[in-house]
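Order of writing sets the chain letters: A, B and C. Residues in each chain are counted from 1.
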């Protein structure tokens, strides 16, 4: 059987094969609905300029606080700007912030988590820092960082990245610790594979499943946190529209211009809901014990 | 014998599971019967459906995705027609079950005395205090020293053997007429295994219980059982009394199984005989005789049509088209 | 057991140190002289220098840090420049409303969650479960201030049964006190409920698939008793963790809701202080909140030992 000198050891599940089981994907309603919502909102984000009938910064004082009409589907805000167009761009900006924060935080968090799982000394240092950061309420940490750095979009990204690195690092670390104990790692070490190789080419692929699920939820919380930050006035600065700062503008006019709050708010909910559905669905999909698409027995 | 109602009679039991890959047939037409006081061994490889059969009797399988067909007659009544209330009254009372791994089968945050007392309290309507007292008594009967103290302890504080004794005490607390034992000794040390089996045997004699003993160990079968049923891929393929099974088995699978057990006496063999091929997955059940792909006696009939479980001798049933040829071709064990 | 507690408390010190450093650093990274910002544009150099000295801002950063720590060890969190009172006092004054709100919200959340979580687990895959799971998913997707605004619009503006915003302390009578807290508590409580329901449901489902539940079933224990007596007790541990963590999160993160409903709580205090650069308050309050958070986690861990005998044993080792 073995002419080759490769050690045949039990490698954990190749999760790419799991995803290819199409029937499971389509019968997973969570995953499906979530994906649809995400596709729609991403479409809006990408094609915002085509979807917007008006310029987002265009002021029209005569038309201030106009209710939704044929001319302005979502009404106008306190400067007379078209809420519909601003909402479309708001989706783009919020999504951009979300994607950027999530990507950067994931890459850094992945590295930190992997290193912490492998090197005891780094583990102590990194995890103490993460515990400390974790003990901070995320909103307050974000506000504090924003006020230290100043009100600019890039600072929102920096602040949120710092806030979310610990949660990703933690998940990566716990998952990596489990994989590290498996026999095939020992085999690789015995073969003389470098630590870098083991960490990034072998352990990392096997922790992708819980990582991606966590990343999805981090994305969702990023959107919510950015919204809260902007709502408090500490987020994306005006006049650029983010869904959060549109709610800030809407806060003052809430009793006579409900549309300034409801429509951006609705889109926040849709994005976050889509992400949560996707994350939940993904988790069920990757879990072998789940009861997806099981026909229920007829009651006697 | 035929006018005595058997304790348990399973007729053509079919159990299907709904999975995300489709419906899977775990049991296909399982039939056997058990009289009062008999000990039936059910033997077969992993995945043949022995545990499913055991759990099907008490309908412990997942309610939402399990489909039953056929009959499970207990003292003349079909258990598959029982409503929830009747089932709850039956379980732990007339029919009791013990499981393979006592550590995970006991509630980790409840003292063991309380767990035993629970059975008594439910079925005998005794007060909580009285139930505990009876539970302690049962612990003593199963050979656990200082039972009053032990009763307050938690499962993780006991050894594996003691935990299984607790399970036995719990199962027998209401003096069931039928005990289903699903691999009760597999998870235990070899030395403890004998003790537990002895315990079960002594209780059986006292209560004249019928026992269904699930195992993959032929040694256990030889020691304890009066009858044996051999299962393969969701079906019973041979059934007879224990002596005949060891002396004159008919089905090629049974013979293969028994030959693969190392013998202390008899001639020395160079290589342990094994059955060719592997057990197919339940999603790819062969047409015709399910064992045909691995059987050296297989003919075209075997591959196209399924033999039924026929009575070929007194109390000996086999599911095989060519059992008489098999007999001629194999060496028969000396006793 | 006592030894365990002491060990845990000691292990908190490095965490708190990190927190202290982070808080300190964040605040002092601000470009620009704080005294100048506080005093505004018309200030003379002498005034700025005076304030600098008064606030101790002229000393090197490290010195400031250790002086601060040393003071804290003696219980002195410094004074708030803007409020004119010790930070500790300001903290305690604002802690009351936040605590009331948090307790009320958590009560609402836990009650709803346990109920719905059990119903969802019991009816897994069927309509009741789908409804509950779906609703709780939506619940964690709504920003709190959106839900709050919505509730204000309906109950305070349209129906006029509850006040729009504001706060009354307990001393003014319990109904007065509760009147102002109901809407914010429902806002926060709903989101809490969504979070906890999800954990309740999943923990129950995980436990239901365990072997000992099969044994209980085989004993003839009724479905109800299996759920409440056997499953819930074992499943409760992870649920408890979420309850503890989310409560700590309530206390520390209610800032946005407090801002919306104009409740003079810790959230408002800290946000205002950040905007005003009231360093003493920011540092002291955030540090104290973190201590609370960390202590709550410890409490949850200890409760674990009470509930789960397996954990008890390992603590005594």
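One rule holds for everything that comes next: a residue touches a chain if its C-beta (ideal position, glycine included) is under 8 Å from a C-beta of that chain, and two chains touch if they have at least 3 such contacts.
Bear in mind that the values here come from a model prediction, so they are computed numbers and not experimental data.
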| item | value |
| --- | --- |
| Most distant chain from chain C by Cα centroid | B |
| Most heavily contacting chain pair (counted by C-beta pairs in contact) | A-C |
| Chain A and chain C: spacing of chain centres that average the CA atoms, whole Å | 23 |
| Distance between the centres, which are taken as Cα means, of chain C and chain B, whole angstrom | 54 |
| Numbers and ranges of chain C residues touching at least 2 other chains | 124-125 |
| In chain A, residues with contacts to at least two other chains | 291, 294, 296 |
| Numbers and ranges of chain B residues touching at least 2 other chains | 64 |
| Touch list for chain C against partner chain A, complex | 14-19, 21-23, 26-27, 29-31, 124-126, 137-138, 140-146, 149, 152-153, 157, 209, 249, 252-253, 255-256, 259-260, 270-271, 274-275, 277, 282, 286, 289-290, 293-294 |
| Complex interface listing, chain C residues touching chain B | 124-125, 210-212, 214-223, 230, 233-234, 307-310, 313 |
| Of chain B, residues touching chain C in the complex | 55, 58, 60, 64, 84, 87-93, 96-97, 99, 101, 104-110, 118-119, 122-123, 154, 156-157, 167, 170 |
| Residues of chain A defined as touching chain C within the complex | 128-129, 131-133, 135-141, 143-145, 147-150, 220, 224, 227-228, 231-232, 247, 251, 254-255, 258, 261, 265, 268-269, 272-273, 275-277, 280, 289, 291, 294, 296 |
